[in-house]
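Listed below are the structures to be examined.
Same chain, two partners: chain A is paired with chain B first, then with chain C.
The block that comes next holds the complex of A and B.
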């Protein structure tokens, strides 16, 4: 099978997966007892409106009085045309709310990703080439610490130590401090630490295991015998072959880890990004916003998987396409 | 074996002449018999509880937990007790890792306390008068608690043995909350693991054994399931339906087995080519028999290791959702207590700290044990790694 055919098939598969997920979500929405109806009616009542009327308005907006098939068709068309609905708690289209929120997520997620990749791979490679040394044990221990510590609790403990007891850093995020300012950087330090710890540990374990496969390989021994220095062996002979699986792990797993981790981090530190937006939407029963903010990570995960598989086949000539 | 030794002693005796009743007979072995009886008893009890009593006497989660314990006895403890030599061999390899041995002891304590503790001690109750008591041996400024249960001296309130780990903002004893939280964490971890390994092993071995269309269908389904992040799916589901521990366990259990299935499949594909499988096929064994008796036991080490490393992630997910307030608020869990102490960090630091310590060490211990099990059980990981 040619590679083009494989890529085409893989893309088609991603489209099918997206379609299935949207259908499942629709099904869940259709059978769920209360999808924000009560909250909507309550809001109408507190604003002096009539509850029954609000009920009708809600049915009209969500199209609940129409037959299921029509609703399904409308839902799919709306999803495809990015008409993702209206957030009644924020009085703005859902996509606008998301557009306002995601820069805050990027502000700490991008540095955290970069740190976790660089630090994780560096420690992992070092551990692999210096196996069974004190540093290796220390690295392994750090990895265990990183994957075991609950993100949200770690965040709270950091707040307790660095904000409450020592008073060095602010305990929660405040908007309006600019982007490239010291004040903003200071309030991003703790979220970045929390988010990157787990990811560093993950990257470290993968890169150590990957690199170990090549540390004792014949071509590495040959390179050493021919007088290549440590650095050259590490970069040219170990890191290069190990990079292929590492890169692919990076795409999907990091994305997943960051998204789930970001959700918690934002709630703990009150950063008004996508996670907090979604959390507030859940608490306030804003269905359209809940759907959008949870589906976006899902789509990103699908795309991440797609990119991962394609990158794998392009980068690694040993992969046979017929297998999958 | 029996036939071998006999043929040496008495040349006239042949395989066909062996008196099988002498060497145990064709009846069921004791384990199968006990398993059958207890599963039957379990089924009857569940049916009675569901259909014949007004309110369920035991909650769905507790029934599942009981099932998990039964499975643990029959598929882990019993075989280990029967094969002493193998158990001793595994133990020798396992105990090389001292951190893992300590972790295993810690987990055992948590397991026993969590399973039996909630039956013996009362559920922590609201008591406004006893709010914000510090842990024993520690003290806090008298202005923090509404009234000091222990000794108050020099403007300091000292902790008392009545609340060894202090109390929360509504006066619940943290020590009791921790014990109740142990049960929740163990239930989530172990039940979900049971569901995940049962489905994962059946799907993985069937895909490998039957290959062709069955393999294609099962694995394509796994692909779809794996692309959907369970974290966000659970968010949607808790939003739309009433959240509960049962819901969390079923969702993570029934949607989380994809990884195990893939692992089992790749392992079973290698086993499929072994000569003992061909021998069994030639001897006329049925598909189910071969999968059950020859494939599954030979992939079990891989499964157990992978499953042990999955448990901590389930525990962390539960704690996270409890922290977010997206689980049943009436079930006391570690994440919930941590969340309740979040607002009092400057005055009552122990509320958020203590349950988190238990959570962290439980997760860490499972990771250590899983790692040591991989070294002990998995022949491929010998030497390096």
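The block that comes next holds the complex of A and C.
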């Protein structure tokens, strides 16, 4: 069976999975009470309007008075045409709110992800090839530290030390500064550190464990016996086979960039990115916005699985794509 | 035996572990002449693999350490050589074939790419030229339709075919010495015989020396010119294959041959086990299991190798002054009378049948 057929079938499955998830979401929303109606009515009441009228208006706007099947059809069409609803807390379409928040998340997530992949893999491979040496113990200890430490606590500690005590860096994020300015870079340093420590540690531990599978493999000895130098052995004969399982994490990391909602980091540092947007939407019961910010990671997970499945077959010749 | 290609002199290799120092190779000496096949024989744990992997420093260091001795390869002491120079020698002049072909090839690259890598590490040739040579090599080691199979992955080959690929890779840069560490142990007997024949043919064609590590005396009889018998990190006996089989001089060699089936008498296992390599016995390493051990065997150092024939040495006190070697030999005499008629002077041939069963 050809690879094209395999990819086509995986894509078809991804589409079916997406459809099922959207349908289930619709079902949950249909039976859930409120749907922002209460909040909308409350808002109307506080502004001196009529509560019943407000509720009816709300039903009309959102189409709640239509029959279920029509609503289902409209919902699906809206989803497909990227008409994802209105955020009443922000008085703008949901996708506009997301588009505005997105750059702020990318500003710290891109550097943090790159740093965590490069540093994590480098330390992991070094540890694996120098197993049980002092540097390996140091690396492993640092990784445990990075994984164990809670991000919110670490973030607050960094703010206390570097912003409050030393005064070197700002304690929270301020918008309105140009993206490529020093001031903006300075206020991104702490979030990047907080976000990358845990991720470096994770990448380091995975890559160390995977590389260790191959450090003592016979084919690595064969490669050395051929006269390959240490660097070549590490990259071509240890890292390349280890990349097959590491791909899972790598794809997740890179796709995580697309929806870089690091809730806690954004809340602690008050970065108006997707995490903070989603957090506020939940607190304020802005259903449309909550749904959008949760559906996006779901879609990314589906795409991620698809990319992983395809990446495996490209990276590992032993995986057959015949019978799946 | 003037100017040997490889001359190992009093080699000591140890592993420094948490539980103590393991002296895996403890004063081993032997020579390999040009174009010669030397078999290193011994039980598992006798240090034969460590000795051979120390030649090009393939053992993991640390914990491994070459604690003493010389490895003279074409006049150059490899224990003193830089890592950079060793990388040229590995694969370029000294090639290895390992025991398990199932795991000796990298699963994520086609076999051709792995042979091309070996060629281009040592020869300044274009990718196309290296690929042509890889096809030639695959063809030479008996891979049918080499042109079509060069882009196949290792998992698409059988065990015997994989070992042929590994051998082709070892020959990539036309080495002077091929170190084959139990290359047939993981294969079934008919494939074993094919691989042995292939190695012999290739040796005739390429004129290289072979160090062949094995515990299978049948294989030794099949392929060896000379034999090095190792036990517990020491050399017990060295000599031409015919002499060692015909007139085993060390009690250990005799006991080892006694374990072979098909000699016209019942097999005789060696009692006891290998000594603890962290804490070997004083005196002769073999004395706790030796039927002829005397007080001298139990104290002091391991006995020096002593001449027992032309180019034939045994490290046993019975060949020294004040001892009557016939005490051990008499055993051999009674044995050869017992097998008389059936296999007079044919021990190696017998052994070859038991292990090879070729064609």
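Note that the second predicted complex is superposed on the first by the 308 of 324 C-alpha atoms of A that agree within 3 Å, B and C clash if a C-alpha of one lies under 4 Å from a C-alpha of the other, contacts with A are read in each partner's own complex, and residues count from 1 in each chain.
Methods note: a residue touches a chain if its C-beta (ideal position, glycine included) is under 8 Å from a C-beta of that chain, and two chains touch if they have at least 3 such contacts.
Remember, it's a predicted structure, so these values are computed and weren't measured experimentally.
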Look at A:226 in the shared chain and tell me whether it touches chain B only, chain C only, both, or neither; answer first, second, both or neither. second
Between chain B (first) and chain C (second), which does A:267 come into contact with in this model arrangement: first, second, both, or neither? first
With the two structures laid over each other on chain A, which partner does A:108 touch: chain B (first), chain C (second), both, or neither? neither
May I ask you to decide whether A:209 touches chain B, chain C, both, or neither, giving the answer as first, second, both or neither? first
Return first, second, both or neither, reflecting whether A:6 touches chain B, chain C, both chains, or no partner chain. neither
Who does A:164 touch here: chain B (first), chain C (second), both, or neither? first
Can A:156 be said to touch chain B (first), chain C (second), both, or neither? first
Do any residues of chain A touch both chain B and chain C, and if so, which are they? 216
For the chain A and chain B complex, residues of the former touching the latter: 13, 17, 20-21, 24-25, 28-29, 32-35, 131, 144-145, 147-153, 156-157, 159-160, 164, 171, 209, 212, 216, 256, 259-260, 263-264, 267-268, 278-279, 282-283, 285, 287, 290-291, 294-295, 297-298, 301-302, 305
Complex contacts: residues of chain B adjacent to chain A: 223-224, 226-229, 231-233, 235-241, 312, 316, 319-320, 323-326, 335, 338, 342, 345-346, 349, 352-353, 356, 359-360, 363-364, 367-368, 384-385
Complex contact set, residues of chain C against chain A: 56, 58, 60, 87-92, 95-96, 98, 100, 103-108, 110, 117-118, 121-122, 153, 155, 166, 169-170, 172-173
The answer for chain A against chain C in the complex is residues 216-219, 221-229, 236-237, 240-241, 244, 315-318
